[in-house]
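Same chain, two partners: chain A is paired with chain B first, then with chain C.
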Partner chain A sequence: MFEFFDVYLLEAVISGILLGGVLALIALGLNLIFGVIDVVWICYAELIMIGMYGLYYFYSVYGLPMWIAAPACIALVAVLGLLLHYIVIQPLLDAAPINQLLATGGVLFFLQSFATVAFGIDFRNLGIRLPVLAIGEMHFSFARLLAFLAALAGMVVIYLFMTRTYIGTAIRAISQDRQIMVLMGVDTKRLYLVTSALGGALAGLAACLLVLQYDVHPFVGLSFGPITFLIVVLGGLGNFIGGFVAAFVFAEIISLGGLYSDLEWGYVLAFAFFILMMFARPQGLLARRS
Partner chain B sequence: MLKLDAVAAGYGTFQALFGTTLDVNAGEAVGVIGPNGAGKTTLMRVISGMIRPWSGAISMEGVDVLAEAPHRIIELGIAHVPENRRLFPRLTVEGNLRMGAFTPSARAKFAHRLEFVFDLFPRMKERRNQLAGTLSGGEQQMCAIGRALMSDPKLLLLDEPSAGLAPVVVQQVFELVQRIRSGGLTVLIVEQNVQQVLRVVDRAYLLEAGNIRASGASAELLASDTIKQAYLGV
Partner chain C sequence: MSMRLGRRLLGAAIAVVAALSLAVPAVAQPKIKIGVIFDLTGPLAGGGSELHYLGVKIMVDHFIKQGGVEGYQIEAIYADAQSKPDVAINEAVRLIEQEKVDMVMGFFSSAQCVPVAARVEQLKKFMFITTCISSAVLENRNLKYVFRAQPSGSQFGELSMDFVAQNAKEKLGKDAKDVRVAIIHEDGAYGVDVAKGNEAGAKKAGFNLVLKEGYSATAPDLSALVTKLKRARPDVIFHTGYNPDITLFHRQARENGLKFSALIGHGAGYGVYAKLKEGLGKDVDYIYNVDPISIWSTNQKALDPKLPPLIQMVGEEYDKAKPGTTIRSAHVGMSASNSYVFFTEVLPRSIKKYGGVDADALRKAALEVDLPEGGTMLGFGVKFAGDDSPVAGQNLRASPVITQYIDDKSYVVWPKSQAQREAVLEFPAGTTYSPK
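Moving on to the complex of A and B:
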């Protein structure tokens, strides 16, 4: 049986785990927004794209040191999240879900077009070449390892926030009973704004981690946006743990699928898996029985 | 303490309350009895801000309740234990109690209030890390009352605390209400369980089809023929 267990397979499995960390971070941001506000930010990947440009400009163009540029990028996308809620979502809170979906879809195209006009269609990168880590015959880029660790740290911070603070507890409570939040003295409008900023900050962190590994261009959101939506749906919309698990499941499918041909095939397999799962478990991987 | 003046309220085009006027004095326990669909729950909801009345006035210790944002009504000292308890099922008992102490003034005395609630309900202390959705009916009622008490209210609104509970547990819930009010808390309680509730309150209002039909001291109401025939089945 050991002929299957070769070093390439192990490398692919570990690469999958590294990829899963960042996907889980993005899925967490989407789930947070959906769980609290009951709205899906279809344009989430495009917020990340703007954040990637943000870090590119702060670091490469304006020459800020990374320890200022990265927090500034996170803050920038947090503010974008706030504005998105305030300008687009808040007026549509009582509208039909399809209208909310169309509105955030509109923001997606707006951000893509805006980026095309403002930044051009050239591929840009930070110009940082981090070393490659060699363990035996396996090779891992240091950037991916760093991204994985930072994503994990981000998720731990969110976990502590959600379990240790009043606002975090309210964020978990509101998806369980929206109407009685008023009896607890919770100002739901304010809670929505805090959550939007938090969702934006997570997109900002993801942007910092992705732009370490990939070039940024106005349509870069398309390369990870769809897969994160599948992850969130498969994990059960609004289910944090489900999203976390599904992120690693998808990352492994992509990574292992890519092992046998190229990475694009990994994506094909991942989408096929999703369609199959929608027949088998349309309520999501870890759906609660209601 | 609490005064309602000609409060009309409803949902959409459906009117549930037709000019309800009632008052609750500090230290009293007052009951609102009446059949299903009389508007009892709506009455509780307009007081705590879950819904806004169409017309009329509500004041708490002289403060205009309707001038406050709904989420700030709890700061006036009004805590509402809603119908069917409405706990957060996937939060722990302690998480639910923490939500009850969400307001800044309540957070400041969280430890103190938690101790108070755990003294009142030792069972809640044992179950503090258990998910609220896994509690028994009686325990859920304790948790819901405990959650409301976390804000250190002056007035406790109880909506059908005995609903859906086994008879033995109903007995315990009413004993509990007795204990809470002996601690000096003012209580407004809505119940279909007329016989039981009239034993723990000082006086009561009879609400029928959104109108107050009768009111008086508990003993009077227990003796009155209309109540006897319609609600006590004697």
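Moving on to the complex of A and C:
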């Protein structure tokens, strides 16, 4: 066995995989939206924040059982995604990308301010303590394991939906050529709304799993937003599998870099890797060279 | 007839009074405009800044209700630093240049304090810090107009190490060289400074420092840090953080099976018990916090007799603003007490002795403050270091204490002279973090 190998290295590797699951889950919805509608929802992490508040209120304040509260939270964010598209994105579909970006950036600040006014600045917590998975000296968070499994399941479901259903096929076709699909009688507006609701629902699912691991406050999105955006770019904007792989690569660099050096070096290494890859493979990790 | 005459006379009298009042020019009451800056939004707001804002506001309102100080009306203009240093600087400059405030007060985050102090000094305005603790704000900067009533961060760090050093043999059953300590901290000016004090204290005590590491307070994951701590096996962890990084660390420590004998937090997030309890549940029991003493825990018999009624008033206003609080946060009392020092010691002296509220008058008045122990609600005295000191502007008589949370109560356990109960140094066997 190598001298540097120990049980803590193994724990760090598995922790990295579990963190990768969390990041992959968040990246999934963002990728879906970009892949189909060709718009980056900069405010995606803030939708998750609203979802976290939603679950907190449904479960902790109104006392709904989790099996009702969680689907209600997912539905709430799905509706928010739909509204976001209908009110903000749809009027800007033909605008310059920078305008679309600025508009969703505006929604980001709106949602942060709205949450500050509506929910206050206090940190909220569901107060749920999930059991811990212990294998010898290694311990793993059950909440992270759940998020990891949800990311895997979400990935498979999205893949099946996109490849095996009529709407999924139409969505993929739209992402390839927005103009021609209208000529073929496809209701693009309806499909965009479906995609936005689906992206919102994925944000809702991420919210349900993140609220088990993090306190909710109006600025919780700052912890995830930038890193998720980097992952989606690293994987190739709109490339589900690329985003999925990038999330795990990023998480492992953070986890192992943090173990063998200062914690912050883990992030420095991850960002340095991102910059290098932008030079080496600007289309994303799994993109084919054209 | 007589009634008509009476009415005429009354009318004439009113006219004369009105004419006289017009003839004598109204003398406007002089006023001091104070810019108060805290974080009311952003992550630092819930991490304690908003509680400090409340403390200052209670005291400002108290003196406004009293009609001001020495004939001067008080007007406070509150600004939100939004948990961002650049916003804090811009707001300080805006208040000084556009709102024409005479001075600025407040400041929660050390990362804001350091640059704001330099900017305010440049503008030759008076700055009275009620909250932030980093030594870097004042140390070797020779600032003339910046004063701080709070203890400094390195004092926090050294006190907690000294506490463990004095109790290691008796309560951990170990010689100092065998005590394994880890220092973890957020990587801003605040965390770095307290960690510096921790490190100096560890060296002085002869502890075995097994890990010292900083992290970003907004990091989404601390599990690598937890794994490193598991490998380093510290007996005592010294932690400085805001929130929510503190609750994230504790959650991941529990989930990753980290065991240690004791944990000492240093202010900020560790001073907001209600949030710690909400995030950690029963795991908050036996955790320590280093901060200036809560004004509701001071030995009131040892205080200046005029202070206990004020402590009561601050408590009542706190309860009105935050009904249902389990343990009143020391944060509110801290900034209320420190701002009270300004309104009762600095401001009146500046007006009476130095004839106004400009920066030089306020500075001269501040340098003459000489309160003995028991002279403030926080128990400590006040004497600001002069120009000849490397920490000019720092209150040399300020000192923190160590409290321990047990069963929804907060007890002062160190220094011994102020202790309300014996410290339970090790987590009891069977509790979440206990190695036993």
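By our rule, the second predicted complex is superposed on the first by the 280 of 290 C-alpha atoms of A that agree within 3 Å, B and C clash if a C-alpha of one lies under 4 Å from a C-alpha of the other, contacts with A are read in each partner's own complex, and residues count from 1 in each chain.
The rule is simple: a residue touches a chain if its C-beta (ideal position, glycine included) is under 8 Å from a C-beta of that chain, and two chains touch if they have at least 3 such contacts.
Everything numeric in this text was worked out from a predicted model, so none of it was measured.
Superposition note: with chain A as the common reference, chain B and chain C can be accommodated side by side.
Contacts of A:Gly154 after superposition on the shared chain: neither chain B nor chain C is touched. By the touch criterion stated above, A:Ala134 is placed in contact with chain C alone, chain B being left untouched. In the superposed model, the vertex angle chain B-chain A-chain C (Cα centres) comes to 150 degrees (nearest 10).
After overlaying the two complexes on the shared chain, residue contacts for A:Met184 are found with chain B alone; chain C is out of touch.
For chain A, the partner that touches more of its residues is C, with chain B and chain C as the two candidates. After superposing the two complexes on chain A, the shortest C-alpha to C-alpha distance between chain B and chain C comes to 36 Å. For the contact definition in use here, the chain B contact set and the chain C contact set of chain A share no residue. Every residue of chain B that touches chain A in the complex is listed here, in rising order: 48-50, 69-75, 79-80, 82, 86, 88-91, 95, 98-103, 106-107, 151. By the touch rule above, chain A contacts chain B in their complex via residues 166, 169-170, 172-173, 176-177, 179-188. Looking at the complex, you find that chain A touches chain C at residues 6, 8, 11-12, 15, 19, 22, 113, 116, 121-125, 127, 129, 132, 134, 137-144, 213-215, 217-220, 222-224, 227, 251, 254-259, 262-264, 266-267. Taken together, the chain C residues at the contact with chain A in this complex read 40-43, 45-47, 50, 83, 187, 213-216, 218-225, 227-228, 230-231, 243-244, 247-248, 251-252, 254-257, 275, 278-279, 281.
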